[in-house]
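Some structures to go through are shown next.
Shared between the two complexes below is subunit A, which pairs with subunit B and subunit C, respectively.
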Partner chain A sequence: MDLSTLLFLVLSFLIVVFSAAVVILPNPIYAALSLAVTMISLGFMYFLLQAYFIAGVQLIVYAGAVMVLFVMVLMLFDLRKEIAAFSGGKFAGLLKILCGLFFSGALVLAIRQGVIALNVSPGEPTPAEQIEMVKSLAMRLFTQYVLAFEALGILLLVVAVGVVAVARSRGGTHASHN
Partner chain B sequence: MGHDVFEITINSVKMLVIFLLMVQLVPVLVWVERRGSAFIQSRLGPNRVGPLGLTQLLADAVKFLQKEEFLPEHGYGLIFYAAPILALIPAALAFASIPLSAPIHINQFLWNGHSFGPYDFEFQSFHFGVGIVYVLGVSSLGAYSLLMAGWGSSNKYSLMGALRASAQTISYELALGLSLVGAIMVFGTFDFSEMIHFQSQPLTSLLGVHFNIPALNWGIFYQPLGAILYFAATFAETNRLPFDLPEAEGELVAGYHTEYGGLKMLMFYIGEYGHMMVGSALMVTFYFGGYLIPGMTVEQVHNLLGTWLHIGANPLAIVTALVLHVVFFIKVLFFLWVFVWVRWTLPRFRYDQLMDLGWKTMLPWALANVIITAGWMLFKGMH
Partner chain C sequence: MPAITSAVGAVTIVTLNHYLALSGVVFAIGMVAVLIRRNVIVMLMGIELMLNAVNLAMVAFAHYRQDVSGNILAFFVMTVAAAEAGVGLGLAVNIFKRFKEVNIKSFEHLKG
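Moving on, here comes the complex of A and B:
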């Protein structure tokens, strides 16, 4: 077994365990931190698959900014109600397990039906080749897929504006409980 | 890692040495900080233990090791203990991918009856083509350790410090990343080694304007605004004065590390100084020619040392790399001194001033810098 296989096994173990922990753990803070570990492991998985630029962006955007905001907002709330709501009940537990089984079944079905197009080039690309990969990614993003890219940007802007509008008119997240 | 035992051994040892280099620089920096602050404030500073007070740090380390180990009563054990360890990792990972000197080319040689093939060793733990993207990605993980420290200690001051720290880190990360984009566009690469190679040519044309005086080809001449914004944002990223609101002794006791003592607090210190080293090293690499001696390329240094020393090709390559390494560290130490200098000169910002500066001043200026650079490069038809 070579080093990259070993790293792949370790990283996929981390991803599976911590993404399960996101769903299972009752405390939202621990769940969010587990999601952060999942994101970081995913980032390093991209490094292993030689998608260096995507790996860096995954670390900057998801692990470094989005999840930090999640954790920060969760730390501001009094979470006793949420912990109680998420930890109890045999029915809820059964539902969780059923959902988990359903989605893993769907995943296995998708993988078995689909064609696996994962084709990792043999050998480590040199730093110069890595830069060429980034350049070709940028060329595609700003020529062939520029419309989809910009449309996504507008969509995100609409979502941000919508969220602000909703939050303002109702007077904040927890206002209706008072 | 390498093709044979020799190469793998050297590369492994190199990784360890670069990590230890970072950690071992911390006590020296603490000494510089204490003596420097005393110098700035017309005091003497710690000068009793050993020559110039240098062994005071050894005494401090012994004290840190002997301190009592404790967990706050309502603290969360796992998170409380994990936070200081996590403080160390991002800076160490980021520092490992910065080239500290020119690559060493070793010709074929005989040792112990075996022939060892030609090698190329790089003076960095690992070399990614996407260098700066990797460094920004890894160092953005530093916010977790502060958040976990604040929440895990179950202390109001700690939590306030942690929230301030993460809000500040996220806000200034944008300005920091954008201020580097202009330089990345001028160099046309993410790779640190290529940036330094770009800066080794003599400067005879600046952004398409030609002139005949050879000068330094440093990034600062192309991106002066980017350099200033980057360095200012680094202060916020490292949570140091004038942006040290997460710790703010006058308001929050000691911020996120209020409940920490002994070796655990030392780990936070190492993390902070590690981020300072990464910030200074990036500043040197992007804007001040990296490990280059001003006005000389790596080949010129190599040839000059060859005419002086009369040694074989392999020792000469090693000596060249070491000389350039010293040059790199002189530059980095200068910027580390600027960190200390600023800390003991400027007062702390208020929180709303901090956010205004980040979002309403630095971000627009950084964006303007990117747009002007891009427009100019398009106009002059570069790249």
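Moving on, here comes the complex of A and C:
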């Protein structure tokens, strides 16, 4: 067993366990912590897949910015009395979990049956080749996909304005009820 | 098709199928999180899990097909996911300010 296989096994174990912990743990802070571990493991998996730019963006944007946003909003709330963290009765909950198990089983079965095993696993690239890969990604991003890139910038601007409009408190900073 | 087995001496090669299976499992876990949790923030975490699973599938395809377009698509998905998390958490703050809880059933009273 070579190193990349071992890394894949360890990382996939971490990802599955901690993403399951997001569902199971009733305290949202622990769920956020598990989600952060999942994001970091996914970032290392992108390194394994030789997507170096995406791995960096994953670590900065997801494990950094988005997780900070989640934890900060959780800190705003008083979640000591978290009543009914899970929905529905016993039967409905069981049905939902069975739905999830069936769905994942069907997906994995379909992937096993499929013939999409592309076995063109390339060798380990040298550092010069790694830089070349990031460069080719940037070339594609700013030529072929430049319109989508600019649209994404407009989307972010609109979302920033919209979030401020949604979350602002009406009638000053100390408004009690409106 | 070579598979990872625990048998001693078996050939262990990680193929695209392994990455796709992992992606499917993570997607299902995120779906269960959205289905069975009532806390709006944990439901948003489930959505993030699903988006990450799709990203993993796209990056794996990009790697095994030697096509960088999958990486660019994953980059776009990440940006949109960050924006979506911002909007969702803004709504959660709004709900908490009115109802002093972040339960999903409070959404039906939110208007204007």
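One rule holds for everything that comes next: the second predicted complex is superposed on the first by the 132 of 178 C-alpha atoms of A that agree within 3 Å, B and C clash if a C-alpha of one lies under 4 Å from a C-alpha of the other, contacts with A are read in each partner's own complex, and residues count from 1 in each chain.
Here, a residue touches a chain if its C-beta (ideal position, glycine included) is under 8 Å from a C-beta of that chain, and two chains touch if they have at least 3 such contacts.
As the structure is a computational prediction, the values presented were derived from the model and not from experiment.
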item	value
First (subunit B), second (subunit C), both or neither touched by A:Leu59	first
First (subunit B), second (subunit C), both or neither touched by A:Leu69	both
Subunit B versus subunit C as contact partner of A:Met45, first or second or both or neither	second
Partner chain(s) touched by A:Thr126 [first = subunit B, second = subunit C, both, neither]	first
Which superposed partner A:Gly114 touches (first subunit B, second subunit C, both, neither)	second
Between subunit B and subunit C, more extensive residue contact with subunit A	C
Which superposed partner A:Leu33 touches (first subunit B, second subunit C, both, neither)	first
Common interface residues of subunit A - those touching subunit B in one complex and subunit C in the other	53, 57-58, 65, 69, 76, 133
Subunit A to subunit C touching residues, read off their complex	1, 4-5, 8-9, 12, 15-16, 19-20, 22-23, 28, 31-32, 35, 38-39, 42, 45-46, 49-51, 53-54, 57-58, 61-62, 65-66, 69-70, 73-74, 76-79, 82, 84-88, 93, 96-97, 99-101, 103-104, 107-108, 111-112, 114, 116-122, 133, 136-137, 140-141, 145, 148, 152, 155-156, 159-160, 162-163, 166-167, 169
Parts of subunit A lying in touch with subunit B, wherever the complex brings them together	3, 29, 33, 36, 40, 43, 52-53, 55-60, 63-65, 68-69, 71-72, 75-76, 125-131, 133-134
Complex contacts: residues of subunit B adjacent to subunit A	1, 79, 127-130, 133-134, 136-138, 140-141, 143-144, 147-148, 150-151, 159, 162-163, 166-167, 169-170, 173, 177, 189-191, 193-194
Touching residues (chain side subunit C, partner subunit A) in the complex	1, 4, 12-22, 24-33, 35-39, 41-42, 44-46, 48-49, 52, 55-56, 59-60, 62-66, 68-69, 71-72, 74-76, 78-83, 85-87, 89-94, 96-97, 100, 102-104
